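Labels run A, B, C and D following the written order; every chain starts at residue 1.
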Amino acid sequence: MSRHFPALIIVIPLISAFFIFAAGGLKKTYCFYIAAAALAISLFSSIGLLLQVLQNKVVVYHFGGWAPPWGIAYRIDYLNGIVLVAVAAISFLNLVATKKSVEKDFTEKIGLFYTLYVLFVTGILGIVVTGDAFNLYVLLEIASLTGYALIGMGTEHAPLASLNYVFMGTIGASFYLLGIGYLYLATGSLNMLDIASILPNIFQSNVVLLAFVICLTGLFIKMALFPMHAWLPNAYTYSPSPAISLIAPLTTKVMVYVMIRFLLTVFTPSFSYGSMAVSTSFVWLAVIAIVVGSILALSQKSLKRMLSYIVIAEIGYMVGGVWLGNRAGLTGAILHIINDAAMTLCVFLVAGNILYRLSGDSFDNLKGLFRKMPFSMGAFVVGALSIIGVPPTGGFFSKWYLISGGIAAGHYGFVIALLFSSLVNVVLFFRIFEIAYFEPSDCPHISDRMDEEGKIFNDAPLGMLVPLMIVAVGLIVLGIFTDTIVTKVIQFAIPGEIS
Amino acid sequence: MVDLLTIIISKYNYWGYIVLMMVGLYAMIVKKNLVKKIIGMSIFQTAIIFFYVSIGMKKNATIPIISHGHDGGERAVHAVDFINPLPHVLMLTAIVVSVATLGVALALAIKVYRQYNSLEEDVIDSLIKEK
Amino acid sequence: MAFPGWGDPLSPASTHVSPYYIENTIEDTSVPNIVTAVLADYRGYDTMFETAVIFSAGIACLFLLRRMKRKKTDFRHYRHMATGITLRIEQGGKIHPTAKEFERIDGLWVPHDLIIRTTGRFIIPFIQIFALYVIAHGHYSPGGGFQGGVILGASFILFAISNDLRSALNRMGERLTAFFYTAGVSLYAGTGALCILLGANFLDYSALATILLVDPVTARSYGILIVEIGVGIAVMAVMVILYYNLVSAGKFDEGL
Amino acid sequence: METIVSIKPFLAVIVSILAVPLIVSTRRANFREGWTFLAAFAKFSIIASMTPLILDGVEIEYTIAQVLPSVAIKLRVDSFGMLFALVSSFLWIATSAYSVGYMRGLKEHSQTRYFSFFALSLSATIGVAFSANLLTLYLFYEMLSFATYPLVTHHQDMEGRSSGRKYILFIVGSSIGLVLPAMLFIYHMTGTLEFANQGFIAGIVSPKLIWILVLLFVFGFAKAAIMPFHSWLPAAMVAPTPVSALLHAVAVVKVGVFCILRVLTGVFGTQLLFSFQMDTILLYLASFTIITASLVALSQDSLKSRLAYSTIGQLSYIILGAALLSPKGMIGGMIHIAMHAFGKITLFFCAGAIFVATGTKNISQMAGIGKRMPVTLGCFFIGALSVIGIPPGGGFISKWYLLLGTLEASQMVMLFVLLSSSLLNAAYFLPIVYKAFFCTPEESLFENKINEAPPWCLVPLTITAICSIYLFFYPEPFLSLAKMASVGIFSRP
């Protein structure tokens, strides 16, 4: 069976979606368990794949038994092997962690919610694992469509925000599709490796250049890099918490992965980093993204909105690291895809727990939270420290690689931007700690109960806390095992020609 | 001047889809009515479909259907006689995707209308401002 | 290398990959319609996901719009056709839809137009026959699952327009539709999974030869037919459910 | 210099972290404090058990985790680190005892949090003392910053919050903004961060860059409170007195100077600094801080803030001692860590005891208090002597070595600075004692009957006072540790 892991990762969640949908009509309680089983299987097989990759470098799977470039092939190497595990693990943990709040928010539509959930995960996993440029587009659309729907069911202005997301997302995806069209026009192929083998002969062609530019534009829109970030904050703020703690960690990071895949595999590094001016200007774009994201985050008054601006800044980290074009920078970017996904999951899960207990997540509601939800806030502290970049959390080490990449490339604007955003994060999070710690909670909430010391204790239920704790511990574990991850996996993911 | 003209003539498919695409973008950016934006979105996607299909075109070639079953395959099949099937396949997918997007977008538009009793962006914005 | 001109037969697009399809389809799959072959076999995996896209679009619309509970405040009018007396029923109650002598009157109610109804009644069967033909004959002529499915869906939508949504729902209810599009997509994915169970790669129809008792090539052509049927059903059902949702804003009881 | 691998250093670091869950989980106050004492004694005994080895010139190593290529989270115990670890772990015991008295005496709230974060910050301190490379140092430095934040803001009132804000802004801001980039530069240039006796960047880094790096580090470790990065320290005095005592006379500030000394000797190396005349700028920074702080201290009426400014001055003694780049000066600086710790903690304890007993914070209201609290004020006098550097105060030894160092390095200006600052110290300490004891009855604000602070407060401060006298006669093992360290630092390769 292990031969079929690449298929199972995607197909099991897909098929389970039908069963979940059916179960939603018959017996709602089954939905969660089917979804959990499916995602557990794909997590298991993704780990299996990573082990296979560690053994024999690359795993290839031909769908329909047709060899590429005629058929569609999945190709797992070091780069997407590790990202795959991260994605699968995060989607599984989040599923378990949000069970209660899904039951609370979508009593009527649990079946539909979980169907969309697994379909979204299917799409994201597919994007990571596929080796075919067009197949990536289809999977991208699955992930996007389900994402729109999940966000659209949120609070307040969610439908409008989601509709704007639809517009921006569609433009992004269409640009990507157009870029693929130009690549096809130039090479006559859709398989990534095949394209890569043909391109070097026609690098100077302006069709290839156009394809490159258009693909990147599409990806930038999808990953909400600074000038194209407008859709993100509203969409993330109003979306239902169990959905956003899935979407926020995965969508943008996976888009960064796709960008790395295109720069390194499809357009080989010699082309991608061919012109110094281009890559430098992209790094500057990232710098602007970091600075603007951090500054805008300062001016926010509610937790989720603040976090979503931090996400925008974090995108800047990764894009900058990628475009530095040296080994340290790329290592940092790939490492940060994993760490940032984990820590975003952590903080958004806490936001979910808070919203599960409290009426809202504006800063006034956070008063006295350390008393009320000590465990959630404890996890929040870990996530915050990781985002600030304090050792030994994972965030520190990815930031370490990014900064040393910046120094190695002599790009001090990027270095300063990173330090600046860490300082801003200190301010952001300690402001929240102050509020949650010192302000007496003036708004006692329903179902607040006293513990034996007469304090109000009202943390989220155990089912939500345990996965959160796992994530929080995982952040530190990621930090401790940074060197293992880098030396065993990531350094092989970066082609040798990059020094 | 003439050769520029010939370029435009010989590559009119590109210009066609670019014009169509710009129309779509214009609608999505300028129009204030959400449904008009949605229409613009589908025009935008259609432009790309048009582009792909135009790639598949081959001069003096016929549709990619071989005129006899596999029992009587005596006449050899030459690639030049049939137009390129791949773009059509891809675009079947793309069409479906755009239909799906359209459906979701309309559903969201209905939700928006339910919430604000309007599809005009500026009206909705003013409503949001009031709160 | 600049942009290839219009219909240039030597452009890389038409010289690198596509010739293989054109020249080997018959030998590989014995399907004359190359587009169908590529769609459902060479790149069948894409097609499965585009069916999944349609599926998720249907689910998304249900998720966004479907109103499970109705507001207690709203009321309905029913007209007793024989006497012309109009009843007003409060608190969201309703007369059982099978009660033929009553008809619902709401904001969108129009007196029925005999011509439209009869024309619809005449046309719809032909449309459906044609749709089935398009699905089944996708191997030999332009057509296939999507086209046929869309036409089939259109026939139901035409029925719903020419009569009204209620009677359409009586013919083809929500659960039935849901069953259809789930069944359609799972037929596709299931075929693929079956191939794994038979020891081949996912969606490698030639493995079906062992259970269809034919040679691998014919098995591929059968496999293509099966998935095309699955696609057809799924697309039809999703079209219908999308229509139901959008026209009734998720309430599934009134509409055009 | 042989090296053995042992888990002992790690245990010494981890033991108080392990105590935290116990402290949190136990509800009864007695048990809670019991755990604290247990951890404190365990920590001290582990560290003490390693001392003989260190004195034999052995180094103990333990690698926790390999996190970056060629950089691990790694502990190494050498003589200097051992000196610092001994001081702080011993004084933790005294402070725990004192905390019990103080917190109970004032019926402070949320003592669980207080004791657990106290234990946490002690772990961080020992971690800094034992860290074998810059990354580990940074890790524990940050850990200390965050662990002490709840202690500084313990009172949770507006004042506590604002000073907490200031504290975090200065400490974390400087460490992220200055130390982190400096560290990364060094890593980028040399590819390693391991401390070496002679430093490891000689000849690799350009002179101009070395200037920048030194300044980045000296100001970046803002816990050392070199002006103008000092103003968090007086602000942080809002914390409960035991916190001020341990953290702002021993742990936090001494961690700051310890880090600076470590980096100057272990990263740059004395020869390198000397060859670039790095000493002058450091000396002038230090002496400026010394003089200014002492002058400011004169004008302070609140006892604790006067102590705070005196601390700022005394810290720069240590920097100065190191910056002399002479063996004797280095020794002086190192043992001043110990001597000043004992002296200053005594003073803080006294201030706290006075507050517990009488509720007065200001010096102007302490006239004649000696009549009421003779023991406390007696100890205060001893502590003052030690800090000023008059026999039989232990501070004399360190100051003696510092003066020798100035002569050795022939820095007459610095000699003058030291002497004058000693006069200033005398000027801001002795009047307190004088007024406390020798004042006419009508000046006296206190009735003439003995009424001391509770014994939990009194015993620890007498012990520390006795220690600081004891250290004058037997400055062991600190002196020999410091000597070994400076031998290692100045040994020509």
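Going forward, contacts are C-beta pairs under 8 Å (C-beta built on N, C-alpha and C of every residue); 3 or more make two chains touch, one makes a residue touch a chain.
The structure displayed is predicted, hence computed values, not measured ones.
Novice: Looking at mean CA positions, which chain is nearest the middle of everything shown?
Specialist: Central chain is A.
Novice: With chain centres defined as C-alpha means, what is the inter-centre distance between chain C and chain D in Å?
Specialist: Taking the average C-alpha coordinate of chain C and of chain D, the gap between them is 77 Å.
Novice: How many angstrom lie between the CA centroids of chain B and chain C, rounded to a whole number?
Specialist: 21
Novice: If you average the Cα atoms of chain A and of chain C to get two centres, how far apart are those centres in Å?
Specialist: Their C-alpha centroids are separated by 33 Å.
Novice: Using Cα averages as centroids, what's the distance between chain A and chain B in whole Å?
Specialist: Each chain's C-alpha centroid was found; their separation is 29 Å.
Novice: Which residues of chain C are in contact with two or more other chains?
Specialist: 3, 11, 13-15, 17-18, 21, 43, 46, 50, 53, 56-57, 60, 64
Novice: If a residue has to touch 2 or more other chains to count, which residues of chain B qualify?
Specialist: 55, 86-87, 90, 93, 97, 100-101, 104, 107-108, 111
Novice: Where in chain D do residues touch two or more other chains at once?
Specialist: Correct list: empty.
Novice: Identify every two-chain combination in which the chains touch.
Specialist: According to the stated criterion, the contacting chain pairs are A-B, A-C, A-D, B-C.
Novice: Help me check something: in the complex, which residues belonging to chain C touch chain A?
Specialist: Residues of chain C touching chain A: 1-4, 11-18, 20-21, 41-46, 48-50, 52-53, 55-57, 59-60, 62-64, 66, 68-69, 175, 178, 182, 185-186, 189-190, 192-193, 196, 200-206.
Novice: Considering only the defined contacts, which chain A positions touch chain C in the complex?
Specialist: It is residues 4, 7, 11, 14-15, 17-18, 21-22, 25, 61-66, 69-72, 108-109, 112-113, 115-116, 119, 122, 126, 132, 134-135, 138-139, 141-142, 145-146, 148-150, 152-153, 159, 184-190, 198, 202, 205-207 of chain A that touch chain C.
Novice: Please name which positions on chain C make contact with chain B in the complex.
Specialist: 3, 5-9, 11, 13-15, 17-19, 21-23, 25-27, 30, 32-35, 38-39, 43, 46-47, 50-51, 53-54, 56-58, 60-61, 64-65, 140-142, 146, 217, 235, 242, 245-246, 249-250
Novice: Any idea which chain A residues touch chain D in the complex?
Specialist: Answer in residue numbers: 385, 388-392, 397, 400, 403-404, 407-408, 415, 419, 422-423, 426-427, 430, 434, 437-438, 452-453, 479-484, 486-487.
Novice: Where on chain A does chain B make contact in their complex?
Specialist: Spelled out, the residues of chain A in touch with chain B are 134, 138, 141, 145, 148-149, 152, 157, 159-160, 162-163, 166-167, 170-171, 174, 177-178, 181, 184-185, 190.
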